[in-house]
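Each structure below is given as structure tokens.
Across the two complexes that follow, chain A remains constant while its partner is chain B and subsequently chain C.
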Partner chain A sequence: MQRPGPDNSVGIVTPQVARFDEPLRLVCGRELPSYELVYETYGELNASRSNAVLVCHALSGHHHAAGYHTEQDRKPGWWNECIGPGKPIDTDRFFVVSLNNLGGCHGSTGPMSLNPGTGKPWGPGFPPIRVRDWVNSQARLADYLGIECWAAVVGGSLGGMQAMRWAIQYPERIRHCIVIAAALKLSAQNLAFNEVARKAIESDPDFNGGNYLSEDRVPATGLELAQQVGRIEYKDEPASGLALARMIGHITYLSDDAMANKFGRELRSGSLDLGDDADVEFQVQSYLRYQGSQFSTNFDANTYVLMTRALDYFDLALEYNNDPVAAFKHARCGFMVISFSTDWRFAPERSREIVDALLAADRPVSYAEIEAKEGHDAFLMPIPRYLDVFSAYMRRVGAPD
Partner chain B sequence: MRQDLKHILRWIAPRSRVLDLGCGDGEFLEFLRDKRLVRGTGLEIDQDNITATISRGLDVIEQDMDAGLGNFPDNSFDIVVLALALQAVHYPDRVLEEMLRIGREGIVTFPNFGHWRCRLSLGLDGRMPVSDLMPHTWYDTPNIHFCTVKDFEELCRQKGIRILARDVVGNSSRQPTLSNRWPNLFATTAIYLITR
Partner chain C sequence: MQRPGPDNSVGIVTPQVARFDEPLRLVCGRELPSYELVYETYGELNASRSNAVLVCHALSGHHHAAGYHTEQDRKPGWWNECIGPGKPIDTDRFFVVSLNNLGGCHGSTGPMSLNPGTGKPWGPGFPPIRVRDWVNSQARLADYLGIECWAAVVGGSLGGMQAMRWAIQYPERIRHCIVIAAALKLSAQNLAFNEVARKAIESDPDFNGGNYLSEDRVPATGLELAQQVGRIEYKDEPASGLALARMIGHITYLSDDAMANKFGRELRSGSLDLGDDADVEFQVQSYLRYQGSQFSTNFDANTYVLMTRALDYFDLALEYNNDPVAAFKHARCGFMVISFSTDWRFAPERSREIVDALLAADRPVSYAEIEAKEGHDAFLMPIPRYLDVFSAYMRRVGAPD
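Then we have the complex of A and B:
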């Protein structure tokens, strides 16, 4: 049972696994004969099963969104600031479901899992996954948990895209859609960054076209395996292709000001003084190397490629004649859209495109643009106004109709 | 509830779609929802007001009217309300035109600068008026475009805007006849129902 943690978190949580043996037809035309989804839940499902909230993760996220796995964990789940007792997604009132998406590397079926057809890890042969496939698999998870209709589907960044897709793909199964720091589709600049990141991975000799999992190995599941796969890390500097991809990603997640405030031109070692020939390392270099190397021990390269592609291919309005208004006309839920002033990955203008399409489609929508200096990462941060407005909307989600 | 807002209520048909420009903390939209079952949306730039409006279970868009309202489609609302905000926008004439593009009808309320107390203050004392309704000093005020009842009606005539109804809030509820008969002198707040 969950008990409150020291930082008003949900305390110790244990991931669970749901297995699905009914084949899942994917957007690409291929079929997954069976698959598993790893997920966590926080709070209690009420008797009418009407208080369930689905949390969709972003590019490098996973099911562990809140609380701790063990007493020894240094860091809580990735959205601990927003999920917990008295927090915006209030676990005293909501039953929160957070899963690792299909194709992930934290326990759900993905490139590291065994392909039942070959008995070997899927690796780069894992079928390409679209946001719609995630939403379909999440709907199966909802069935499995006995949740007919989500009180809300919530997500930041790529998670927000899943939430929007939910709204038009399963309009009868979602009452509120909360879209944070997202966009209707990626811009050319976004696509370019993702391509550079993938190229960084692919150009790593150890990547070997994605077949880096040695054939004689039978990978264990979950996080344990993800850490083993950290061996794709280069022996030499720069750490690895994956680390490099993460470094590039991190630059786009932060705002220019946030980087200036955090690091400026501060030196970690060496000196720029005349007559000093010691190697100079800027703080920002050290930070990026640390983030990159951390990531490469915790994330699978094939999953990274798969997830960035899912992000690239997402285009909410594509099947609706490129008209987001027509797309949103299928929705029946209320919308809350939130953006952050210094987010240049999915800037406020991108959120306003969502809002404008919703207004034109005559859907109920609220919009807040939060002053924040943290860039795209702001959606993970405890920014007071963000938490206030998010909480205010979630109280409404929880209010009886 | 502010006087001008109470007056507006009778012009709002049940179940209308209402856009409230500068909705404040959402009190009026909540009132309309409860009394008229309207589907309301607010527009606001003040952070605390936005949170307050959402807390009432109402929808609000964070958007600055002065940056335009072009994102709202033609005829997407039945009624667009601009309550005590006309004097605070950069281009009151453009906002009026946008209101009547977005909505079938518009409701505008504004502090009447032609009220005798304003005239007295400016005419005899030679000072810019400061009152309960307009408590700001001239150099630190959101109110940048004051007008009188006559000014407003002249602008409507120039723009081809039809005034369907006019109402006024006077200084004292005991003398409604004065402000009705001579609104430009006795109305503290002027209230209009307009259309194209």
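Then we have the complex of A and C:
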């Protein structure tokens, strides 16, 4: 049993690994002979095994969603605001499972893992992964944990897409589906941003067609060096393709207003008039460079390419004659859909498309559009009304059907 | 006299060069000992020299705004929709001057020019340029052409910023100021996109700190090759930093809707399910790659860095205690401000800030917000209501004061 942390977190948690030796047939037609999934759990599974909640992560997420890994850890899991005692996904009542998805770079089998066929890292040769593959692999994890039916499958952004897939792919194994800041499919603009991000990665000479691991060259910037010499020194370092990709992504996660409030046009150094351009730096530049640089030392470039493709190619209604109503008619669960007013990556309109399709398919659905200035990132933030609405729905999930 | 072209254009035009040997003191504190400006003119200057209109270009623009350079030319100047006989800037009535700005890469003195001090290309050592420097150099061009007062200074986007500067920097030399799809200054989000673009350029190993010209290496993609082998073949070519920069910019010029209408999620090749990810290409991907690739062979990377900085650092009210009303109190001209409903780079709100400041400064101002689905790019498009409103105002410009 976890000991609650100071921020009402689940306390210290330890990742676990589940190994699967039965081959997994993938959407692409290829087969993974075996694979491992790293996951964490928070709270306790009840005797009837009916209180399990699956948390699905977004583009750059992982299994560490709540609590801390060590006593010294300063940074909690990525959804610590929403998972814990008394929080929306209340670990006093739910048994929460959070995994790193297949193809990830935080411990689950992915491009950084050894290809048993060659004894070398998979790298760019790792099979393409679709959201349906993730859901199939998550279903096997449920089997492994003895969970026949999830009380809820929950996710934000790309995580919400996994939750929707669960609802139509395993209708008997999910009682509630919670879809936050997501969409039925990406728009052309969404695709365009991901394309530039991938192109930045692929054009980095250190990327070497994705084969950087076998050459001991990782396409990252010199973050450690930058940290040694102080923040200002690294500003003219070239950015890796992965850092550029993250910078582009990051802009789309924040609202125009949030960036204005956070940075405005404040200068970090230099003058807008006298002197040399190279000495001028806005706060927002410094912030983005830092985000890009940090990300590129903590994430695998091949995984980023793989994850953005899974996101691009997700299209819930594609196999249902492009009719999301037909898709949702396969669902048996209840739905909660949440969007945020300033999210321009997956705007409220995109959530309303989901809601409209669910209503037309005669599925029970609750919808909340939360006023929030934080853009897409709002789904990670402790916005009171968001937490209230989310909590209220989760109380219904907890009640007997 | 130009012969009208088939599309009611100004016909064949020939660029001219003006040389200035009096040193130009720049905002940065440095001095350009001499410089050249390449420009085109359309229409005829009247006897009283009162019908001259200055057209200021945007980030990647140049002097060739209307007509054709040769009989074989298929592509007219960039604002051919708005400049010509019977068009908003009516060359039957106005004498139009369109130049390539200082720091440009289309013939005016800029980073590609030889530094007289070293005999080598200026490259990244070209002095930083501000919008005020452009306006000063344009005033010298006016002197050179014998134009004491512009009937109007007109520009879209960064061009609109030059027009606003004209109004407060040379109030006696401008009768009307036409500001299209512009803003008083960039937002943090605007800055962020430019920052990623510059970072992509600077991180391209071929950029070599901007010193590529002295090494005969130009940071571009293999477009010519791509054109030889057909469009599909170049899709996996790495993109130059400049191509990435253009791709990022391009997304911000188009509206989400315009991209949806133009491309949707249409595939150019491959399947979203079976097969390899490398074979999948959306139409929007192909389009962006082509745009990036083409731009990178037609534009100079140092100029792009210089122009984005001039854009970033533009802040009309900065020297007026951040009060745009105080800034506009120096103006003596009439103003026309135009914005486009789906422009999210410089949204209508940004134009309304200009209008509000002008009203508070008691300046005469007309404002039109045009319904258009084309995003920021709308200012280049033949949108009927836009052309009508623009034409109507220009008729007032033409009338005696």
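Operating definition for what follows: the second predicted complex is superposed on the first by the 372 of 401 C-alpha atoms of A that agree within 3 Å, B and C clash if a C-alpha of one lies under 4 Å from a C-alpha of the other, contacts with A are read in each partner's own complex, and residues count from 1 in each chain.
Basically, a contact is a pair of C-beta atoms (placed from the backbone, for glycine too) under 8 Å apart; a residue touches a chain by one contact, two chains touch by 3 or more.
Computed from a predicted model, the values in this text were never measured in an experiment.
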When the two structures are overlaid on chain A, which partner does A:H62 contact: first (chain B), second (chain C), both, or neither?
-> neither
So, does A:A260 touch the first partner chain B, the second partner chain C, both, or neither?
-> second
Identify the partner contact of A:Y367: answer first if only chain B is touched, second if only chain C is, both if each is, neither if none is.
-> first
In the overlay, work out which of chain B or chain C sits against more residues of chain A.
-> C
Return first, second, both or neither, reflecting whether A:F282 touches chain B, chain C, both chains, or no partner chain.
-> second
Touched partner set for A:V27, first chain B, second chain C, both or neither | second
Is A:D388 in contact with chain B, with chain C, with both, or with neither (first, second, both, neither)?
-> first
Contacts of A:E195 with chain B and chain C, given as first, second, both or neither | second
Chain A touches which residues of chain C in the complex?
-> 27-29, 128, 130, 185-189, 191-193, 195-196, 199-200, 202-205, 236, 238-241, 243-244, 247-248, 251, 254, 256, 259-260, 262-265, 272-277, 280, 282, 284-285, 288-289, 292, 306, 309, 312-313, 315, 318, 344
Partner chain B, residues of chain A touching it in the complex = 334, 336, 352, 355-356, 359-360, 362, 364-369, 385, 388-389, 392-393, 395-396, 399
Listed in rising order, the residues of chain B that touch chain A in the complex are 17, 39, 41, 47, 50-52, 54-55, 57, 59-63, 71-73, 76
